[in-house]
Amino acid sequence: MSAGAAPVRPEEIQAAAIAGMLEGARHVAVGMVSPIPGTGALLANERSGGATRVSILGSKKTTFWTNGGSELFDLAGRGRLDAFFLSGGQIDGGANVNLVGVGDYPEAKVRWSGSFGSAYLYFVVPRVILFRWEHTRRTLVDKVDFVSAPGTSEPGVHRPGGPIALITNLCLFDFQRDRGRFRLKSLHPGVTLEEVMDNTGFDFDRPERVGETPSPDPETLALIRGPVARRIADVYPVFARSVFGVEPAAA
Amino acid sequence: MTVQQLDVAALAALVPSGARIGVTKGEQTDVPMALTLELVRRGVRDLRMVTIPTCAFPASGMMLDILVGAGCVASVETSGVSMSELGAAPRFSAAVKAGSLKVIDATCPAVYAALQAGAKGQPFAALRGLIGSDLMAHRDDWAVVSNPFEDGDPVAVLKAINPDVTLFHAPMADRRGNVWIGRNRDLLTLAHASATTLVTVEKIVDFDLMEDETLAPAVIPDFYVTALAEAPGACWPQRADGSTDLDVVRGYMAAARTAEGFADWLSAHLDARPEAAE
Amino acid sequence: MTVQQLDVAALAALVPSGARIGVTKGEQTDVPMALTLELVRRGVRDLRMVTIPTCAFPASGMMLDILVGAGCVASVETSGVSMSELGAAPRFSAAVKAGSLKVIDATCPAVYAALQAGAKGQPFAALRGLIGSDLMAHRDDWAVVSNPFEDGDPVAVLKAINPDVTLFHAPMADRRGNVWIGRNRDLLTLAHASATTLVTVEKIVDFDLMEDETLAPAVIPDFYVTALAEAPGACWPQRADGSTDLDVVRGYMAAARTAEGFADWLSAHLDARPEAAE
Amino acid sequence: MSAGAAPVRPEEIQAAAIAGMLEGARHVAVGMVSPIPGTGALLANERSGGATRVSILGSKKTTFWTNGGSELFDLAGRGRLDAFFLSGGQIDGGANVNLVGVGDYPEAKVRWSGSFGSAYLYFVVPRVILFRWEHTRRTLVDKVDFVSAPGTSEPGVHRPGGPIALITNLCLFDFQRDRGRFRLKSLHPGVTLEEVMDNTGFDFDRPERVGETPSPDPETLALIRGPVARRIADVYPVFARSVFGVEPAAA
């Protein structure tokens, strides 16, 4: 292992930022095809000495369900799932997420796979972290064409959960539930405010001075490149090979 | 009573055109591909597919895509259709864009809750979330009611799901027709909820699964099973160990990018019977 | 994370007075008698018992009867309390007649439906039947609503059940705290629905139950288990093979016919620790 | 085996009458502590060559559930349970059943065990057979003190199921769902109409001529005393010993 030797990669900064938002969580679930959230969650697990449990969906080895596919949702309904990750074909400034398609539904200029668990988990999981690795005006829009899951709810609607942040390849936003708006929190190293403004289709708040998303310290980097990389390779071998140069352990 | 044991074609012959068909998500070795290809051979039409709750693993997405591409499907009720990390389901996407396939968009826990109500024979299930989603606006089988036990608390309720026919593959059955499903509990819920349950199994064992107290907890008892076929490999391109031959799926996806490529792939595979390569 | 392993007394110490306690029906080796006797030793008060859905097998009826007789119980929500073919539960019947015990009368499928809603974190469940029963008239956590999907169709809905603490005995656990329950699926539903789950087990094994694909389907994963104790025989007078020592129950019933007889039986047995005869 | 040798016992006549009501049923469930219904159900199973499945509750050997205690009720809710048996501390002329107690509820002069599954199964199981082996004015009353489960329902209430008959130690009643009343069908051998009238607390209809409950024919009796007796001994050993002189097979 050569932690610190290779330059820090964007995926490592993003994963570390994600792990920072998972502190104290008892149980974190990671959806399918989410290698960077998976890396962040496993980092949180390592840091917590195992106290933060991570279930990576679609991988029998990393889930612990014995009551069918509904168990994840039941666990969330019981308030026992503290964090989840959600992406979207479109995400708008109100944190509404569209996983269905572009066009005037049910007509579709583009059809995506579907809403999966979003319309439920977004309501009941306290810390939903949005992610989108293509930060453009095509993906981060003023208003989504279809609301798979709304960012906020009317008063009176049972909603212990919701979005807390949106992380992209350019920056990190906090979501302000009371205002129903994003607030720029930090720019990833090398990214300018103008770049973010130019590529964001929605209006957002920003502080006077915007900081930089911190790079992981050497200890964190060693964890990422060591045990975390080895574990993520079991689930996302292609990702682990290209980012960490790590191969999955023989099963 | 012993469950009828048939071959795959005879099993598929029990599926009428127009039936509402339940299929599971394909996380384990549950994809009924051999049955699917028989349905295509038979030219079944107007199926109303219900995915429990998605077909978004490579093999399950491919199975649904084949049924859609072959013109067997009128509608798909689903929370997600894709080939997972391999990409979108090509014939499904094309049919939606062409307006020739009705998609009844759902969300996973709503499918589960409605199916569980169906498995219990109850009219509807309550579920948190959903309110304010555009999914809700397009479902006349979902409604918002007032929680009778709490003032000012709107709750979504979902009409129960009861498929006409359920199709799946499972690791093993015994001669009476008890089916062992391992941790894939969705299969049991689906069998409880469905009028007819048709199962292909990797193998039929000679002992009574219900007599083995370590296996019995994961058994669907025979009285939920309408008929079954011993058909090793019938979950192709899934393998018996739960992995999937992704090269098969990639090959399918490359071919199915166009209607012509799909037709070629289909006729080649309907003849070759790759799902029955024993 | 590994589940805390305690002794039975330390386990019982986690049960506060006034808690709503879930217990299952005692059909298998699930009766938490050792825990019960520890609660009596501790002098816990005002428990609100919920039986899933009854305590009407000899050992489970006896367990509930002891808690009632010892003055630990404020109310019992149940669809049935008895010693099955051996007869009525003596201290339970006496307490009801004396008006010192509140019984919240239910019917089995309503308990299951409400518990299943609780296990899913949903506010209520719909259930056919019930309408016109006097049970309904006495339950403010049951209501009749109109089926939103069918005109003129009244349906009963039941507020979800979420016990504070669940107590049961199970055949085995592993060192991480995964608990194997065989076909006794009610235990899993109850653990999902409860805030705290305390388990005694016949034995703790040295391998990971979740790694064994034939055992895993019948496992309650460790994250539903608050704490457990290895306590062979803790389901006394049930035996590990699922049978019950009916002579013990008959002896108890004969003694418990009177308050004095019960007091004598209790003090003798609290001292003797028959449930811990290892 | 000596079928026909010993005189026919009342339990055998009652069980045969019960079996007659189970013809064509796919699945019959028998509640706890119900040896005569159990005998009748197993007779129906033997006669049907196994086509009529029998689940005897409380006995792992004779039930086939793998989804917990709710499976019986779920099966019934799906219309897959054709027949069930119900008794009651009180049963009234409207087929209302009381399993809770005597007195002004919640006060109780006598407290019984509770309503079990009655308030549901009575609604959804097409053939519910009531039984009570103590035919007196104490048990068969004009009006029950507490309705655990009502015999009939208002129009509009979903009710595919309900009572079809009441069998006692004296006679067999049919239940007329349209009229909400019992109708005497037959008197058990040796029982007079006066005896039934004197011991019944509710009003009931009766035909001009009341027949006798038939005794089982030799073939039926051979089934009862042979395979049925051996099977019932596994579940109700005390009953089987006293009625049939049969011991349970070694488990």
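The first chain written gets the first letter, and so on, giving A, B, C and D; residue counts start at 1 in each chain.
The definition used in the following text is that a contact is a pair of C-beta atoms (placed from the backbone, for glycine too) under 8 Å apart; a residue touches a chain by one contact, two chains touch by 3 or more.
All values derive from a computational prediction rather than experimental measurement.
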item: Whole-Å gap between the CA centroids of chain A and chain B; value: 29
item: Chain centre separation in whole Å, for chain D relative to chain B (CA means); value: 40
item: Centre-to-centre distance between chain D and chain A (centres being mean Cα positions), rounded to whole Å; value: 59
item: Touching two or more other chains - residue numbers and ranges from chain C; value: 113, 116, 120-123, 127-128, 153, 155, 183, 185, 188, 216-218
item: Multi-partner residues of chain D (at least 2 other chains); value: 65-67, 70, 73, 77, 124, 158
item: Graph class of chain-chain contacts, one of line, ring, star, complete, other; value: other
item: Touching chain combinations (by label order); value: A-B, A-C, B-C, B-D, C-D
item: Parts of chain A lying in touch with chain C, wherever the complex brings them together; value: 26-27, 50-51, 53, 64-67, 70-71, 73-80, 124, 158
item: Chain D to chain C touching residues, read off their complex; value: 32-33, 58, 60, 65-70, 73, 77, 99-101, 105-124, 146-150, 153-154, 156-158, 238
item: Sites on chain B touched by chain A in the complex; value: 25, 27-28, 52-54, 56-57, 78-82, 84-85, 88-89, 92-93, 96-97, 99, 102-103, 105-110, 112-113, 116, 127-136, 138, 152-155, 183-186, 188-189, 242
item: Footprint of chain A on chain C - complex, ascending; value: 1, 119-123, 188, 192-193, 210, 216-223
item: Contacting residues of chain B [partner chain C, same complex]; value: 113, 116-117, 120-128, 141, 143, 145, 147-150, 153, 155, 157, 159, 181-183, 185, 213-218
